[in-house]
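In what comes next, chain A is part of two complexes: it sits with chain B in the first one and with chain C in the second one.
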Partner chain A sequence: MTTEVLPEAAIRNERLRLRLKSIRSFWRRFAARPDGVIGVVVLIFFSILAIAPGFFVGPLQTVITATGLPLDPPSTAHWLGTDELGRDILNLTVHGTRISMFIGLLATVITILLGAMIGIVSGYVGGRTDTFLMRVTDFFLVLPTFVLALILAPIILDIVGAGSEVFGIRVTLIVIVIVIGITSWASTARIIRSQTLSVKERAFVGRARVIGSGGGHIMWRHILPNTMNLIVANTVLVFGGAILTETTLSFIGLGDPFAPSWGEILNAAESAGAMGLGAWWYVVPPSVCIVLVVLAFTLVGSALDDVLNPRLRVRR
Partner chain B sequence: MGSRYLLRKSFGAIFTIFLIVILNFVLFRMMPGSPDRILLRNPNLTTEARTAALERWGLDKPLIPDQLVAYLQATAAGDLGYSFKFHGESVTDVLAGRIWPTLILFGLGEILAVIFGLALGAYSGWKRGGAVDYIGNGLSLVLYSMPYFVIGILLLGIFAIGLHWFPTSGMLTIGGSNTSTWDQFLDFAWHLFLPLLTVTIGLIGQYSILMRSSVIETLGEDYVTTARGKGLTSGKILRAHALPNALLPAVTLIAINLGYVIGGAITVEVVFNWPGLGTLTVQALEARDYPVLQGIFLLLSVSVVVANFGADLIYGRLDPRVRT
Partner chain C sequence: MTDPMTDPVLDAQAIIRGRRAWPLPKQADPNAPLLVVEHLTTRFKMAGGSIKAVDDVSFTLNDGEALGIAGESGCGKTTTALSLVRLLPANGRIGKDSSVKLFGIDLAKKSEDALRRYRWREISIIFQGAMNALNPVRRINEQIAEPIELRLKADKADALKRAGELLELVGIPARRGQAYPHELSGGMRQRAMIAMALACDPAVVIGDEPTTALDVMVQAQILELLERLRRELGLSLILITHDLSVIAETCDRVMVMYAGKVAEEGAVSVIFTTPRHPYTQKLIGAFPNIHADRRTLDVIPGSPPDLREPPPGCRFHPRCPFAMAVCSVEVPPEVTFADGVRVACHLYPPGSDGLPITEPTKDALVQPADSAGPGLGAGVFGDEEFALELRGETVEPESAEHTFSPSHGLTDDRSLDDFK
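Up next, the complex of A and B:
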């Protein structure tokens, strides 16, 4: 080759400079959305709780290590009262943060991976593959997926056995993660597919094809990066939805009593008849946490959507 | 409405229902143990009923095509098998007893939520940035982030347990059957109020958010600008131009969301001990009563498909562009 070749370092520096510039401009636009910023603050707060619950409230209390009387109202010893076993509600709720957020995170990863993969392949390959994949997607969109999850979860649990562990994570939790993933990828796939269809028509994809790039390479290096904005915004929204679904599944009784998420705490409260006994302190803390976290995800998600996908912005 | 549009939509709906039944078949065979053993495990089933069931499902024949065909025939005839929990009663009977409470609760709840949600959303979108928009949109977002059962628990705690205004559970007062029909109706309405309020509040949020963005989008369209240019009043523009067009995406989205909504709303019944399909689901889950669970899944998914088909027909009527 006789053309002038830029030194490697210069290319890298230029790339870094461009990236920093885009991050800075992204942050400027995002900071202009107060609702999104508030959402981020709330999420950071709960993430810290989720990372180190033991640091704030000590280890998770069990029947044996319970520190209070059964269904004790809030006091100086137990700020949020106790449950029917004498466990501290604050302790349970803070530890529930970790479980709810962790299940939500894993379920989101599966949902987004499935949705993005199916969306990109469907949109890029087109033809019969597209028709088939979109039929499946529409089927999952119409299906009452939560009810499907309700059936799938006990079936899988019965097959693998509820008590066992995989990689130190209890199987019940994994099953919930998988079930949420299987049942909620469809709308992501639809969104990503439509973006793929428009990216596919751009000139650089045609050029990549001309110089002999394969389909896999184009999808990975050209289509995926150009749908990333949508994927990021969608991930945040899916995260909130996954936490909601997990909460509802656990409330119905499909959760793991030994790893109490917020939904599981509410399920225990329901079984103990806490509301009937006037033990509002049992129910209110996990409820407030759920609403705060899901609301925060919704706010951040829609703010991101506006900032990252300006073409979707509402005209006035 | 064009007959081709109608034909295409009917074919799509029937095909989806067919897929649902196939999925149900696969789930049924995925279950731990063969269906034969599941039948055996059911202590409340007589030997004759078991033999009859074995023969009907062709369980001694190969899985495909014999068993599949037998399953399809049985399902088409409304035979969904026998419940484990409810003393070997047929699933169809178990479901039939629970449909009405659910239909009344969610039918009314949907209607109320659609009316109020769409109205609130349309007004918020029209007066964007106004007081109603800020409060309404904020409230909608909070409600949208709440699981339905949390709304139920809070309402139950405040109005039934705290203030004693409403009963805490059930559909009728026990032992109240010898009073007049009118009194029974009042008793029913009194029990219905809180669950209905919960379902309505739970759904209003998403419908309002949906309608708001739809109205805002429509108000940015060229034909609205044209209408403004013609000097029409802003109320006239909203009624004659913006609203009819904003309703279109709303109709589709309401139908699509239905499948999602039904699942979450099931939990409301649990909170109020409302004797419908939701409480049945939980009872069946606890007893691992698979035939009943599958019956519920089949019933709910087919209802959602039918509702979507209905929405498609309404859409075809409202929007001339899709009648091809």
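Up next, the complex of A and C:
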């Protein structure tokens, strides 16, 4: 059993061992939070729907390919009934998952990138840069999302041309993503900045400076990894919020009618007077989906915050 | 002393510089001593004026030598060391007359940018509190590799390989480098800090209380490691500590500081057995003697002065048992004795060469010790001892017969070994 192990191999083995160990310990701690686990299960379910909606309900139904009668209540043919055009609600809702999740994801990426970058730079550089960036942040913090959306949407659509595509995504969706992104990064930036302020006073940052690291290196290699727990937990929460904002914007008519997100379905239901006609099956499915997904994100987010933040960790 | 070939200091210098991983900096004078600090003054600008944290401090560090800086908290030990590479808080300034000559290159005159080349590459630091000085979310070997990548422009794979070698050198298996700081013990973290300080093969390593907050066993291991590294790598070390036993064990020379000034400086074997400055005597008297009958330790009454308004004259005079009228008026000049010890105290006026003046104002506290000072083998003592240590030979400390004993018994008859 005394085979000569090359030091490189030993180092690799050790790395693998430690990584597995930390993943196991993370999972153990996460599994101790049933709410977080339920959230993850719900999110996995909706993610699968979002990845392959066609596999479950066939291609997206349009006016032409509608399969049922207008506003047909739930039946064996249409489990969740139909809309005013005879489209299957289940079909629409499942396809809506993809749009809603996709917009949420893009908006979250923008929010986190902007928020983390501005937060870290502002906190680390300090001085006038900090003052300036924080005043800008304050401005975006108080900016009302809907007013901004109502102004930005027509401007951007006018410049780019409605119906055109950017990277294969319809411009209307891009507008929603941008609006959500620029209205929600501010709070992330504040959170990350506060963490940066505390991390940059720690001795290892001073040590890194002595070694000769520049500001960029310190922010990227030392500050960012130390704010990662906040970034991860914040990402999850922002994701849920982004989906909610997307729904609201679509509901008030800023969405893309050709890409039925959940908000878009609710908007159509409202135009069709679904509630007045007693067509609850038109309103309930997208609403339940929104509530489930947002709730799941919140549950996972708070569980992650607990698990990743050593200060909140309860010793068992 | 005149023939360079037989001078032990120059010998050590040639050997150690010959072993350097890369040539000396371009502007370096190959014959200059390793580090010569002269008139170093560091001020901190505060709301209510400025504080002279380090006031006119001079010292020399030769190749392969270990210099201990001792003193109470807040007496300027760390500031002195950090001033060498100007690692000061934003409000810290180094005086115009200060010079810090490394290989004859004056670092105090260098611009911030030019100085960066010397930081860590020529002068590195073992920080106190390894847990805080290590980034908790990055692996140990990556952190050790960082200065190698940044300062030596090595690529990542080479730097990590070297980090592994450094870890082995300080007694940590290379594979443990994959661990995060919290997965290592306190002693291992301190070893990792030492490995990091050695990363660029620096000319001078500053140990800023490297053994503080470690338990005694681990402390002994770390000191042993430093000893071994000095022997094997010819490390030149500045060790900052308030723990006299650490200095007794590791250092060749000791510089005792008080309130930003040098009180006494000289060979460890001399200062620990025949302390001349009253502060040094008190400091050594405050060290527990396991061989003595006394149950209580000497204490130094009072506390270090407020540096915003240091006492006039000698800064130690308010707490000094031998204070005379002149002490509160004039700053004592530094007097160098034949045995190489430098003392700044009015008990030893210039020219007295080791004989304390006999008439202190307070109730005859000083007994003129007839054998003090000049009796020690003239001049070469410090140098020779240092050179012997370099070759790994131990030097028997001078016996206590030269002890300058004030009448109320500040120091018992102790040898250097009692402090270890």
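In the analysis below, the second predicted complex is superposed on the first by the 294 of 316 C-alpha atoms of A that agree within 3 Å, B and C clash if a C-alpha of one lies under 4 Å from a C-alpha of the other, contacts with A are read in each partner's own complex, and residues count from 1 in each chain.
Here is the rule we use: a residue touches a chain if its C-beta (ideal position, glycine included) is under 8 Å from a C-beta of that chain, and two chains touch if they have at least 3 such contacts.
What you see is a predicted model; the values in this text were computed from it and never measured.
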Partner chain(s) touched by A:P225 [first = chain B, second = chain C, both, neither]: second
Which of chain B and chain C A:A52 touches, first, second, both or neither: neither
Partner chain(s) touched by A:L113 [first = chain B, second = chain C, both, neither]: neither
Chain B versus chain C as contact partner of A:A77, first or second or both or neither: neither
Which superposed partner A:T298 touches (first chain B, second chain C, both, neither): first
Which of chain B and chain C A:I155 touches, first, second, both or neither: first
Chain B versus chain C as contact partner of A:F204, first or second or both or neither: second
Partner with the higher number of touched chain A residues, chain C or chain B: B
Shared contact residues on chain A - chain B and chain C: none
Residue ranges of chain A touching chain B (in the complex, touch as defined): 138-139, 141-152, 154-155, 158-159, 240, 244, 247-248, 251-254, 263, 266, 270, 275-276, 278, 280, 283, 287, 290-291, 294-295, 298-299, 314-316
Contact footprint of chain C on chain A as seen in their complex: 7, 10-11, 13-15, 18, 202-204, 206-208, 210-213, 217, 221-222, 225-226, 228
Residues of chain C defined as touching chain A within the complex: 85, 87, 116, 119-120, 125, 127, 129, 132-138, 146-147, 150-151, 164, 174-180, 183
Chain A contact footprint on chain B (complex, rising order): 16, 19-20, 27, 30-32, 141-142, 144-150, 153-154, 156-157, 161-162, 168, 213, 216-217, 219-220, 256, 258-260, 262-264, 266-267, 270-271, 281-282, 285-286, 288, 290, 293-294, 296-297, 300-301, 304-305, 308
